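Lettered A, B, C and D in written order, each chain numbered from 1.
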């Protein structure tokens, strides 16, 4: 039913302004690109503090700083500031060759010294780096010519993957030591495709293209990223032509405007899932399995998310290394009813538990849980919804006090099974909620497994076990909607990062 | 007169201390401690302990408060957890934006409210006054964030006359020393910049102003209608003056005074209201920062922002009382 | 020909009638709907049908019979949700409004009449409370108390009692200075007795007026809180929640936003007009 | 030829038509002092308001006309009528405490009419105001012009209002119970002042009062009103010798005499009231019939 403006206008004068004709976006060539971004940038240091682990702002960091290793749009690694990297035979040392001829934004030369210093800095607990537990596995970083060598204190198969993931950025040693933390916050420099021209907190950041970027000068000389936290305001920005590109808007709006302007929606390394806590009714496998089987994931994606979402049955997405398409959990409400009956539950005596969710943190998060609760109600599961803020979710999860069911999203842009199934399901990790002994024993040996093929197979077996016992309910892989004016071509990045240097003039 | 000033300062101090204590306790009782926010996948127990100690959140409540107070005395309001910068700089950096928006909203409210009240009085007991009353009622019964929503859709997108986000067009180079863009652009006679800033601020200011305008409109009309019955107004008519002159020259100056104190109080609610409107219009003021601070449980920043709001509130009250005394001849000339 | 009315003064009729009637009628309707919600709502407000998502109101083509005002993105009936939303709105308005009035008025009365250190303490409390930006304070409060109907009511009471306290205190002070109070004191009535018996009734009309205005404000605050995603946690529908949800897909399903918006608007307008009408009726001074 | 001629003036309440004035006719010659007497609510001050064009909104003219110096005010457009009244007539209000604008200085409240309505230049207006303030025996007129109303006593403020009325050289002044709000001692001085100013400026004076004692000392002739109708017209001398109408006689009997303060007062007898009420009813039916 398309919108008939006359009926709306006839309806009531006071709300007539809600009738939307929509204006054709200005199509002429764009010299200064303006992006309406969905979150504000709290701090410019990508290696310490809460913003270092906030996946939504990594795109801003990747515009100004380079990571040790470049991650390509399909999540695969490629030579970045390091041209080659690897362990020695007995995996007691790591060796990294550093790219030459690169300069910092202030013109000073980029050297292997910067890489060694950056690695040592995030390994040092005093700096407050949240990923110290990974970088701490390397020590005694030293430089030989344009190579950096470090001793492996404790083998971590994913160490090089972290070099293109959270906090894996190279900072300028000389400049940082000269201006100090506060000076760096005021005037950050990196080796990245764009330089920071002007930063107005909570408002916008204006970027100038880095003329001698080692990866080639980006198309747009000036890029302004406006921080517009309200989704409707972002849509209004691009629709009124004030901005050229925006992301994270309701899918209905994306459908409406993509015809008029340009739109691209690609799956990203972020999944929606329901954590199950092994307390109360969730200790009964029949209840868990019934809950998993009675969720019609595809209908929810089609009806609620206008089809923008990829149904998943394990914590891996097709792009991840340990993805196994053969593990499936079908939508089978009848079987769910049988299972519940087996445990003594039914429509007249429904199983009751609480499900927690955020509201407005991820697209349609609250509506999805409402839809799931609706589906559960049909098979005899009475779930009571409790809304909490993302901050409270982290605290409850850290203290292992989440409700029997809790909806959450899990980002993992390196695609490695350890940072998805691993941290989410491994008992001792403060992030997992499921404490089953059997799972701990299965996952234990995989942390240090040196044979890559054997390691991946191990993780697939863990995923299969989890699916068969419904220890967690994966729902979908999110699809990121990006709207852009006709004058610009946007290449989406599977990590969900919106990168201006990947945007070309149409 | 001095005694009154001293008494006033003492009461203000008590209010600020009261606010500081309450907000300090409330935000530390709030579930979701900031450290948990910082924990990425895989962090371990001692990571939690290490970071908690780093931010001094492991000490007892009174101890934390003492540290905070000692800091405040030397002008150090602590460091923001998310922005990793001194709270004072962050907060003072954003204050001008909120103040300018509030002042602009006040001006719009006074204009709208004034015109409504004067027309209502001029056309009193007619359909015109009835319409104004209903309009005031409607303005009051729609929350300001809904006005914001309607304005965005109406003048931002349907008829794109005004900007709908941010405070100034980012591509402009701003030669400003202070953060008071609006006032400084006037002082520097840069009307091009001034126009751009006003175009950004007009819709949020209007959304804030509408409820206040309705209140001013009603109060001032009420006060005007009562003044119109007084003898000196009738006497002025016998001198041959027309109705408009009588309302503006004789009735208005005396009707404004009682309305002023009530507007003062409402103005503080308006400043409180910027929290939502700034969020809707992505306007980088104190309010917008406040919501982020609460979502991210940035305790020192929340503390700083609430204290600053309290200072603004007490300052506005002081200004209102002073203008009331200045305007009221009886107080100004004693006797 | 009436002779006694010959001098003609005091005959000017009061004009407020119309507005008072209309607002009273609308509020009675909403209260009734709130009371009978479960029986008169055509559908179960929580019942979802994903295949019936975003059905338009009955008069537009493509409407689904039985869903008079259409459905939202989850296929729930908008009309039933508005009816049940009335229950939440009325509870918030009545409960929050009355408690705020009780606490605020009593404190105001005590401060205004007993004066002395009581007044000092209460005035300082009023100042401190008003120094908090209301919306920010309620966000913090809801974060502490957790979302839910009770925490909203507590948030409203904690924020708005100062409005009553301030007005009642001023009124009590003014009344206190009147002669009739002095005479009551002379007649041997105790301080507290005087306060309750003498001042109370005279302050009552002001409280009644403020109470109606406060109810309107309570409904608006609930809408603001659901806009900031803090309102009721469970499924049960609130007008504010429907407006917040409808906002996202206003171009595809405007009715999900418009109908609760209009209902909220009319209810709050009715409260404010009722308050104004009562003010005219009670305030003898108004010529 | 009379300066002011009120002919069959009738006023009603807008809407429900209750009668306030019943075809009142009276005329005032230049320099004459006419008293308008009646119980409160008899409509005497309503006549003054009608003449000065300051009737309350709820009252409408239902008959008759007011002619000022040959000009029928009813025929003039509102704006011009106001200016004519402003130039030719002035009001001495009843309550000096509320008749001066509290937030404006005294000087401008006198000179504004002279400059804005009569078109004088500022200097001449201020000089005039100072002269008048001196004439009404106000010490240091210059300082008083700069001060605010709340700095003056009730009596002083009434003097200012009298000065303001006479400053514009009006041909007619309506004094609406100018002494009722003042305490007794000040009343005598103000009455004597009004009388002196009237004689010196030769202004026609319409003196509205309920106090026959005041009439006897200030007015030349008087008109007695009951329920908005003229009951009797006479010169002061003839009236105090022996009023023609029974209601007038009863009214006179009910008024304390300065000369005989202890004399007993007889309230207006019921019969007399009934009689005059019947007269009024008859007038109405005649008009309605």
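Throughout what follows, a residue touches a chain if its C-beta (ideal position, glycine included) is under 8 Å from a C-beta of that chain, and two chains touch if they have at least 3 such contacts.
None of these values were measured; they are calculated from a predicted model.
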Neighbouring chains shared between chain A and chain C, ordered by label: B
Fewest hops from chain A to chain D - one hop per pair of touching chains: 2
Selected pair, greater C-beta contact count between B-C and A-B: A-B
Most distant chain from chain B, judged by the mean position of its C-alpha atoms: D
In whole angstrom, how far does the Cα centroid of chain A sit from the Cα centroid of chain B? 37
Between chain B and chain C, what is the gap in Å from one C-alpha centre to the other? 23
Rounded Å distance between chain C and chain D, as computed from the means of their C-alpha atoms: 52
Junction residues of chain D - those touching two or more other chains: none
Please list all residues of chain A that touch 2 or more other chains. 14-15, 18, 20, 22, 232, 389, 392
Contacts with 2+ other chains: residues of chain C: 143, 146, 247, 250, 261, 265
In their shared complex, chain B is touched by residues of chain C numbered 15, 19, 124-125, 127-128, 130-136, 139-141, 143-144, 146, 166, 216, 220, 223-224, 227-228, 243, 247, 250, 261, 265, 268-269, 271-273, 276, 286-287
Which part of chain D faces chain B closely enough to touch in the complex? 52-54, 57, 79, 82-87, 89-91, 93-95, 98-104, 109, 112-113, 116-117, 147-148, 150-151, 161, 168
So in the complex, which bits of chain B are touching chain D? 125, 230-232, 234-242, 250, 253-254, 257, 327-330, 333, 335
How about chain A: which of its residues touch chain C in the complex? 1, 3-4, 7-8, 11-12, 14-15, 18-20, 22, 231-232, 250, 252-253, 256, 299-300, 303-304, 359-360, 367, 370-371, 373-374, 384-389, 392
Note: in the complex, chain B contacts chain A through residues 31-34, 36-45, 47-48, 50-51, 54, 80-85, 90, 93-94, 138, 149-150, 152-154, 156-158, 160, 163-167, 170-171, 279-282, 284, 288-289, 292, 295-297
